[in-house]
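Two complexes are shown next, each including chain A; its partner changes from chain B in the first to chain C in the second.
What follows is the complex of A and B.
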C-alpha cells in the first residue's frame, strides 16, 4: 500500500553525496519521526497506525543505511545500478587478500600475546586506518561519475566489507578477553 | 448525501474529554500503577495507603489473593503462592531448569512446552498469574481515578525478547486492559527524569530490578528520547543477590537438603539482611534450622564479596552498550539509577566508579518507571495534542532465521531503531523442494540451538524447481512495541504465508479467548454486547479521524468526486454503526478503511513535505 518512490536521500531532503552531514541526517530524522511515528497516531484508527508503522520503518531503514559509511557507499552504488548488497562471490586482488590473511593471523595470535589489550588496540587502529583510506578512495572514484569509476568504487566497497567484518571480529574477541 | 460537519472556529467538534490512562510497572518483586493528575504524574495507592503491590499471587480454594496478604503466606504455602512470576514469562519449561529458586513450584507441561504451575485452584500459566496482578492494579486505578480506563502503558525490561513481550501483552489482554504501548523500563525512567529537567544530551539508565537488569543509553533532544543502544540480562536481579546469600546461609548450616518452604524462608531472611546492610555495616540474623536457632553475623564486606560477580556482569553490559551506542564514556552527562536493587551500596559505588560520576537517585528508584509510563500513557491517550514528547526505541536482541546446518542468519540486528521492516531472500536446498520450514529465532549467537526459538511455520506450494532456483523472500516487521510479524513469499508464483509471531511458549488466541470467557462471570449476552461496543468504538474512531482529515485537507488533497464518494461511504458506516450488527460494522470499517487508504497516504506524504519544508532546495543545490 505504501508507495514511496523517493530514494533515501530525497526522502530525507539531503543531497546525494558520500560526504554526508551526519548532524543534518539526525536532525531530519528527528523532524520526520515527530510527524510519522506510530505514537503520534495511537489514538486514531488502526489504518493510520498501520500506515505510520510502514513509513517509520522506511525512515528507520533510510537512516540506518545512510548513517554507516559502508552501507551508505553501497546504497550510492545501488542508485547507480551496481548492487553490492547481495553479492556472493567476489574477486579481489591477491595483494589485498594476503594482507587480510595476515591481519586475521595477528587477530588469532592476540589471545596468547603477552599484552593482549595493547595488541588489540594496535590492530584496531590499523583496521580503522585502512577503512579510512578506503572511504577516501571510494569517494574519489564515486565523484568521477563514470561507469569505470563506479566499478572501481565497487571494488573499494568489497574491500570495506572485509575490513568491516574484521572490525566486528575484533569486538567479539574484546568481549571474550575482557568479559570473562 | 450527508453534509460535512464543520465545527465553530477554535472549537473541536467534540468537547474535549480527558481520557483516563495509566502507566503500569509490572515488576518482578513489586508492581505499581501511576497516572497523571492535574499535570503531575504520581503513583496510586491502595486503600491502606501503600503504593507498592508485592507481585505475589496466592491461589486458595476460596479464590485468588494478590499482594501483601499473599506474600505473608509465601513460605507456609509455597506451591500455591507464586512469587517473581515475571521470571517465568515467555519461558519454556526447559529454560526454567536453568533458573535457580523457581524449583519450588510443581510444573506440569502441556503442548508446546509452556510451563503451567500446579496450584490448589488448578494449573495456572505465568500469563494468567501476571493477569491477576494487572487486574488488581486496574481495580486500584479505577477506584482512584473514578472511571473506566482508556488504556495503559505497561513497562517491560528493555532486554525482554519477543516471547516475553508477547506474554506480557497477553496478560494485559486477559486482565481486560488495552495496551497503548509496551514501553521499555529504562526509557520510562528517562522520561520521568528528562521531562522534569528538560535535559539535553546523552544519559545512561542503569536499571537493576528484582529479576532483571537493563542498561540503556539514550540521547535526549527537544522532547525526543532516542534510545541509542540497550543491553542487559533478563534473568539477573536482586533476587539473585538474595539467592547468593541464602546459599551462603545454607553452607553455614551444613549444606543439608532443604524442603521447598525452607528454601523460601532462607531467601526471605537473605533479603532482609540485604536490606539492612544498605544502612548498616553488619547485621546479625537468627535462622531456625532443623529445630535449632542459629545466629549468623553478616558484614557488608562479606555480602559485597558474594554479589561481586553479579555486579561485574552488569558493568560489562554497560561497557558493551556504550560501544554499541557509539558513545564515549565522557559524553555521558547523567547516570540514572532505577530499580530497588540499586539501593545496594556496592552497586552504587561500582556504577559510580565505572561512569566516573555520581549516579542520580533523586526520584524514588521503585516508582520512577511507573511515573514515566504514566506520562507516556497520558500523551498516547491523546490528552496532550501539543506535546513534543516522542520515545524512539530499539530492538534489544537480533532477529533471524534458521538456515542449513542449524545456523542462525540475522535479518534484523540488535539495536536497530523500531519500527523496522526488513526482507531477506532465501532459496531451496534440494531439487524439486516444494515446502520450506521458516524457523524464527532471536539472539546474538551463531547457532540456532543457542538462540531463543520464537516460532516455526511452513511455506508450502513452492513450484518444483532445481535446487537454488526458487526465490523466497522472508519479511520481518517489528512494531513500536517491539513485537514481530513475519511473512514469507515465493517470488515466481506469489505463494504467501504470514504469521504474527506467537511465541513457542505462549498461548494461542483461542486459549486466550477461552480464558477470557472463563474469567468473566457474565453471560454470553454480555460477550456479544462487549463485542458490539468494541466494533462501534473502532467505527467511531475511524469516522472521527476521517472527518477531521477531511476538514483539514479534504479540499486540497481530494477531487470533488473523491470527496463525494468518501462522504457517501462514511454515511454508510455511520448507519451501520447505529445498528446492532457487530459483524456488519466490522466489515463496514474494513470497507471504509480501504476506500480511504489513498487519502491517508496522501496526507502522510504531505506531512513529510511539511516537516522538511525550507530544507529542500537551497541545501541540495548548495552541495554537489
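What follows is the complex of A and C.
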C-alpha cells in the first residue's frame, strides 16, 4: 500500500542518496502510475478514488523533485532539517558573487558579439562545468553526514541556484538568437 | 503579476546603471545575491573626503522589482552621509515602489547592498 507520509525516496522504494539511478526512478514511477490509473479505481468508493488522486499528486511531486539535481539536493537537505527552498537571507561568498556578476555580464554581451554562437557555447560549457563540480562537492559533504557538512552542502545548493538560473537564461538567449 | 508605475518607471529608465573602479580608495562596493531567485546585485558608492556620497552606480541581474529597488537606492543615497545611507530601510524602499509582499525580498536585497557598500568603503579607509 502506498503511504504519502513516507518521504519521496521511500514512497518510490529508492535508496536515499544524491547519486540517484534515474533509470530506476522512471521505472518505479511508471510502475506506480500503472497501479494508480483512474480506470482501475472506477469500481471503488469515493474515498478510495480520492486517495488515488492524492497518491498521483504525491507521485508527480516526488518524481519532479528527485529528477532534477538541484531540487533533489534541496530535498535531501530538507530531510535533514535544512530548508533551502524558501530562504532569502543568507551570507554568500563575495568571490562567488563577483564571478556570477561577470558571467551574467558576458551573457549580456553575447548578443552583440562577432560570433554569438561560439561564445554562447563556451559560456554554456563553463556553466555546465561549474554545475558538475558543485554537484560533486554537494555529494561529498552530504555523505559526510555531520551537521557542519550539511551546512557546507547547503552552501553548494545556494550556489547551484545561481548557476541553474544562469543556465536557464542561456537557454532563453539561445532560443532568441537562433530559433527564428 | 502587475508592477506598480514606480517599478515600471525605474525598470524602463534605470538611474545610475554602471560601474566604478572598485580598486579606488573612495569607492565602496556591495555585492549581494538571492539564491531563491538567482538575482545578483552590485551597488557602488563614491564617497567624498568629508564622508558624503557623491555618486552611486548599480548593476542588477534580476526581476523588475530588484532592478527598481537598486535604481531607487542609488538615487536616494546621493548626497547622504554614510551614516544616513546605512540607516536606509527596506520598508521605505518597498513603500516607495509599492512592492507586493512576494517582492519585499527585492527591497531587502537593495538594503543589504547599500549596507555592504558602506561597510566595504569603511574597511578600505581603516586599512589606509
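Note that the second predicted complex is superposed on the first by the 166 of 180 C-alpha atoms of A that agree within 3 Å, B and C clash if a C-alpha of one lies under 4 Å from a C-alpha of the other, contacts with A are read in each partner's own complex, and residues count from 1 in each chain.
Here is the rule we go by: contacts are C-beta pairs under 8 Å (C-beta built on N, C-alpha and C of every residue); 3 or more make two chains touch, one makes a residue touch a chain.
The structure displayed is predicted, hence computed values, not measured ones.
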For A:15, using the defined touch cut-off, is the partner it touches chain B, chain C, both, or neither? Pick first, second, both or neither.
first
When the two structures are overlaid on chain A, which partner does A:28 contact: first (chain B), second (chain C), both, or neither?
first
Would you check which partner chain A:71 touches, where first means chain B only, second means chain C only, and both and neither mean what they say?
neither
Of chain C and chain B, partner touching more chain A residues:
B
Of the partners chain B and chain C, which touch A:161 in the superposed model: first, second, both, neither?
second
Once chain A of both complexes is superposed, is A:175 in touch with chain B (first), chain C (second), both, or neither?
first
Shared chain A contacts, counted only where both chain B and chain C touch the same residue
86
Give every residue of chain A touching chain C within the complex, in rising order.
84-90, 92, 94, 97-98, 100-101, 104-105, 157-159, 161-162, 164-166
Counting only contacts in the complex, chain A reaches chain B at residues 1-3, 11-15, 17, 24, 28, 30-40, 42-48, 51-58, 60-61, 63-64, 86, 171, 175, 178-179
Hey, which residues of chain C end up touching chain A in the complex?
31-38, 40, 42, 59, 61, 105, 108
Across the complex, what residues on chain B touch chain A?
19, 180-181, 221-222, 224, 226, 316, 320, 323, 379-382, 388, 390-392, 416-422, 425, 477, 479-480, 538, 541-542, 545, 593, 596-597, 600-601, 604, 607-608, 610-612, 615-616, 619-620, 622-624
